[in-house]
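Going by the order they are written in, the chains are A, B, C and D; count residues from 1 in each one.
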Amino acid sequence: MSKKSFRQALNEAMRQEMERDPTVIMMGEDIAGGMGAKGEQDAWGDVLGASKGLLPKFGRERIYDTPISESAFIGAAAGAAINGLRPVAQLMFVDFFGVCGDQIINQMAKFRYMFGGKATTPVVIRTLFGAGLRAASQHSQCLYPVFTHIPGLKVVIPSSPYEAKGLMIQSIRDDDPVIFFEHKAMYADTDEVPDESYTIPLGKANVSRRGTDVTIVAIGRMVKFSIQAAEALAKENIKCTVIDPRTTSPLDTATILESVAQTGRLVIVDEASPRCNVATDISAMVAQSAFKSLKAPIRMVTPPHTPVPFAGELEDLYVPNPARIQAVVSEVVRYH
Amino acid sequence: MSKKSFRQALNEAMRQEMERDPTVIMMGEDIAGGMGAKGEQDAWGDVLGASKGLLPKFGRERIYDTPISESAFIGAAAGAAINGLRPVAQLMFVDFFGVCGDQIINQMAKFRYMFGGKATTPVVIRTLFGAGLRAASQHSQCLYPVFTHIPGLKVVIPSSPYEAKGLMIQSIRDDDPVIFFEHKAMYADTDEVPDESYTIPLGKANVSRRGTDVTIVAIGRMVKFSIQAAEALAKENIKCTVIDPRTTSPLDTATILESVAQTGRLVIVDEASPRCNVATDISAMVAQSAFKSLKAPIRMVTPPHTPVPFAGELEDLYVPNPARIQAVVSEVVRYH
Amino acid sequence: MQLSRDDLTNAYTKMRTIRVFEERVHKEFATGQIPGFVHLYAGEEASAIGVCMQLNGVDYITSTHRGHGHCIGKGCDVGGMMKEIYGRQDGLCKGKGGSMHIADVSKGMLGANGIVGGGPPLACGAALAAKQRKTGGVAVAFFGDGAFNQGTTLEAMNFASVYQLPVFFVLEDNGYAESTSSDWSIGGHNPVLRARGFGIPGERVDGHDFFAVYRAAKEAIDRIREGGGPQFLHIEFTRYYGHFEGDAMTYRPPGEVTEERNFLDCLSFFRARVTSGGLLENNALDQIDRNITQLIDKTVADAKAAAPPQASELTTDVYQSY
Amino acid sequence: MQLSRDDLTNAYTKMRTIRVFEERVHKEFATGQIPGFVHLYAGEEASAIGVCMQLNGVDYITSTHRGHGHCIGKGCDVGGMMKEIYGRQDGLCKGKGGSMHIADVSKGMLGANGIVGGGPPLACGAALAAKQRKTGGVAVAFFGDGAFNQGTTLEAMNFASVYQLPVFFVLEDNGYAESTSSDWSIGGHNPVLRARGFGIPGERVDGHDFFAVYRAAKEAIDRIREGGGPQFLHIEFTRYYGHFEGDAMTYRPPGEVTEERNFLDCLSFFRARVTSGGLLENNALDQIDRNITQLIDKTVADAKAAAPPQASELTTDVYQSY
């Protein structure tokens, strides 16, 4: 156990799995870095440095830097998975899925079903997402609702370094295609993280905080913000349960429904664009299955229906923050 | 006014707009057909024949058959729109958006915002969607939730030949990028359709049927099925309002909320995969905004979370049908 | 190039199996009993067989929407294929895939593919795994002239080139992508040069001539197995039926298919060559023809009689665990 | 090739403007006041200017994440650019786009682009519209060595070739895509041959030499305007700064940049050539340098002092109507 950043936690997870299982390989643009160049190899270790140090340990037979051709190498990850490997491929920013979406959505996601259960495609696609770094409209999207929508994919969104490590190890061991979302604004967050290998099951929510007044379900970076809001609300004697689903597909509906049965009030915090996102998904599930329990309207805290703006002043308004969450939760608790 | 099929209605809409406005062009694979071949030109008129007959009228300066390279020509449609044309590009099946998604999602959708309001991109992307033709997992998806999720796009889904013509003409005249969904299993449906040009505004729902017991919101082909269910229910003296939003982005929330305020009961019928789809979107909107009105849980009628199967026996179970809609509506009406 | 009597018999049997299979599917489709989109391979048999005869158990292929020939070439069970096309529980994919998605991963057949250009990236991955795991395996990506303009195919060629992967890129140029001529759609009109632009050597062959395809495929795959990196082959021929069943083919000049069938048919050509050269006898070939007709009759009868998938199958096979 | 005194002055002024702009952004970025990802064009000036000097009001360009040079080449307002980079209300895109999305459609500059390979399809569309509307316009797609392996770029080349569109494909090969060498990533190592594989003629030029770029661009664009269809140019040079600001560039051998700066700098090269040839005088060039430094000083001061966007701007400009 020691303090580790989100980046370090991911690095450790990938290293430990590559040590344990020789069929795990890595692919991606500058995933090591320096390919074909005359200077340092492993110069980048991916764009934010999470895979740095793996190249010296595992060599170019396990770590494949790729040309910029996401369709080719994401598709190759699927093809390699069918032929006995367990690739961890990086789609650098999830915003780029538009150039390779077919290999994810129509190929790896559907093999098993289309082939009558006779294919297994153990691929992990790691990908950066989320706003907060002034990276503007094409490098700040969440887009996990798109992948959650597609049957055949699993969608994992860790909310802390501890979660990141355990979920990454489990994702690599999982036999289905997993899209693993890493919030770029959380890379420097630190946490107590065990040194040894451990797994966190996919499809099991984490209840970060228990309170009887209201249930907050939050995704990814919004979990931290929701806990901050809950702490502030605790001072006003409002007791919040904060649920981190960890994975949006599968979704642990039981834990959410159980909590709503107790609190009768639900706020969902989702950094994704508001239409057809995970907040609407969970809201609809609860509205359908826990109608009798509800004492107040289900409220969603999300960005507006706009691309992500560049200027910091606008981006800060765009992303949900603890103060906004707190305000909405207060309203929900006061609702009669 | 005369009986016209969905196909004919689309054809007429495109023809009339091309006549009216010389800047309207068409692009797509086999949109005319016979390109470079020695036999008949206009041999296909797109894969299901909706643009047949336009080539002889407008010639190859207005009708661009393309090589199979969706990124190139969908992107070219966006580039041509910025340079003064109004392209109508066909993405043959919406399932193929994975090979060209970036040009839609990150380019045309975001130009206006990223460029500070200084770009206008009047593109229509027509695309086939939906199950029912035994076309299996890669040619039967709905996927409009994905486009509804993306700010900057408009999403139009006509539910009949009449709607198809008026919405297509309006979409071509619209100055924002529009994704226009054509259900392939509706191509032979017929309707009374005016011969002259007319428009239906985007963002204004159609209330196909009014009743005070329950509100059914249905999308695309599901509108017809919902009306059938409503007719059957009328015999049991259950009076349904059936709302066809026509466009999921923008969404006419006012019409839906008004009706729910009256009926207190809501069923949403969506042929798209169930997670993060339009049914969840509308449900969440209503659960947030009309809580006090609701007398029963909001129910969603959707396919299961699986790819679309090939075998007819399975596909018929997959797609929501009038009987299933009727059963769910009955339950909702009886709920106390 | 030595082809034994067994090899020749095998080649002929497999090509004829494809032909009879496809002609029969064509006929049955017209009766309305076969659902969905069906794309027939008749006329292109020399490609699937000339190439797949070079392959063995460690090798993989990726296919296209026009996949029946590749399946047969790679050894998929013909009865299971026919049942799949009819959407039956015992079909190769339990009736969930259909014609456009027939696959048998255990045979190294990674699926027909409904997405034009969907296969080449997958082939790169299978090849990368073969190289990394040192299985000696090769991956073949079959794709059409239309698919040759798709970004996924072009990226895959570059990717394979950069990593010198054991991939064989086989361009099946049947003259059309749907109704669009390949003479028009392939900018530059020189596929072999285009492949060279990615650093991949290749050649063009006449796809009506099984022996030409066999020879070129053998040389290419031998080079690949010796570590020579990816290779390319441009095979030219025609398809005998419409793009899919239902296509009236008005974009083709009248008589084009008849002429090809009469004067350039790969099976007639093969038969003439082996009989005139004294390698196989007409009556042995006739016997093969009869056997195959019987076999296909039986697969159709079996498929028609077979049970459709059970309702519970709708929601299985989505995930390994969920 | 005749370049008048005015042309030469103009070329030098614009190249120097880019250089000073970029060096200043580099410096200011280090102080932490410039947000987001910033990719600098210093070292590559001869491309943007050598090419854009051939263009006029009916022409369009598409750019990349490394777009400042192209903006200046196509005539975007330098003050508006700097404000955009600082995220100000008066920036070229109201502060909503930032460095990676600077655009000015009214100037024919269709945007820097955060997506590698995002631009070439757009350029095809602008060219198609120009051809269809008979404006005489040309579209230039600038893209990097990394982008040359992206399917979107390759598809666009085929599309332009098939329709003989007036597109100029300009490959700016600065040796690296992020930390990956272009010697490795471009399979076949022969971009000009690859372009020919799509039926597009092209040549390679030394990007340190403005005159070489100018000459090649002029010839290509003249051919395009005469209806010769798409053309290709492979420009080789280096970038002086990291991939983005913050990149330590350890993948480059020590001294690589210094050597290029000292011996192959396009501005020094230009100056030496025009002064030794008696075409322009050193003191005139010095004066230009001083003027530009002043200009950029002012744009930075203005940008720092400028107001950020108002909160209400968050939700405007998504749609024309909604």
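Couple of notes before you dig in:
Definition applied: a contact is a pair of C-beta atoms (placed from the backbone, for glycine too) under 8 Å apart; a residue touches a chain by one contact, two chains touch by 3 or more.
Just so it is clear, the model here is predicted, and its values are computed rather than measured.
Without subunit B, the other chains remain one piece by contact. The most distant chain from subunit A, with centres taken as the mean of CA atoms, is C. With each centre defined as the average position of its C-alpha atoms, the distance from subunit A to subunit B rounds to 30 Å. For this pair, subunit B with subunit D, the centres built from the Cα atoms lie 40 Å apart. Between subunit C and subunit D the centroid-to-centroid distance comes to 45 Å (mean Cα coordinates, whole Å). Once the centre of each chain is set as its mean CA position, subunit B and subunit C turn out to be 35 Å apart.
Residues of subunit B found to touch two or more other chains are 67, 69, 71-72, 95-96, 98-99, 102-103, 106, 113-114, 136-138, 151-152, 305-307, 309-310.
Among the residues of subunit C, those in touch with two or more other chains are 93, 95-97, 101, 113-115, 149-152, 155, 158-159, 162, 184-187, 318. If each chain is drawn as a node and touching chains are joined, the picture has every node linked to every other.
Subunit D contributes residues 35-37, 87-88, 93, 95-98, 100-101, 113-117, 146-147, 149-152, 176-187, 248-254, 256, 308-309, 311, 313-315, 318 to its touches with subunit A in the complex. Interface residues of subunit B, counted against subunit D in their complex, comprise 25, 61-62, 64, 66-67, 69, 71-85, 87, 99, 102-103, 106-107, 111-120, 151-152, 154, 174-176, 203, 250. Of all residues in subunit A, those touching subunit D in their complex are 29-30, 33-41, 43-44, 47, 65, 67-72, 95-96, 98-99, 133-139, 304-307, 309-314, 317-318. Partner subunit A is touched in their complex by these residues of subunit C: 60, 62, 91-97, 101, 103-106, 110-111, 113-115, 118, 120-130, 132-133, 137, 139, 151-152, 155-156, 158-159, 162-163, 316-322. In the complex of the two chains, the subunit D residues touching subunit C come out as 149-152, 154-155, 157-162, 184-190, 193-200.
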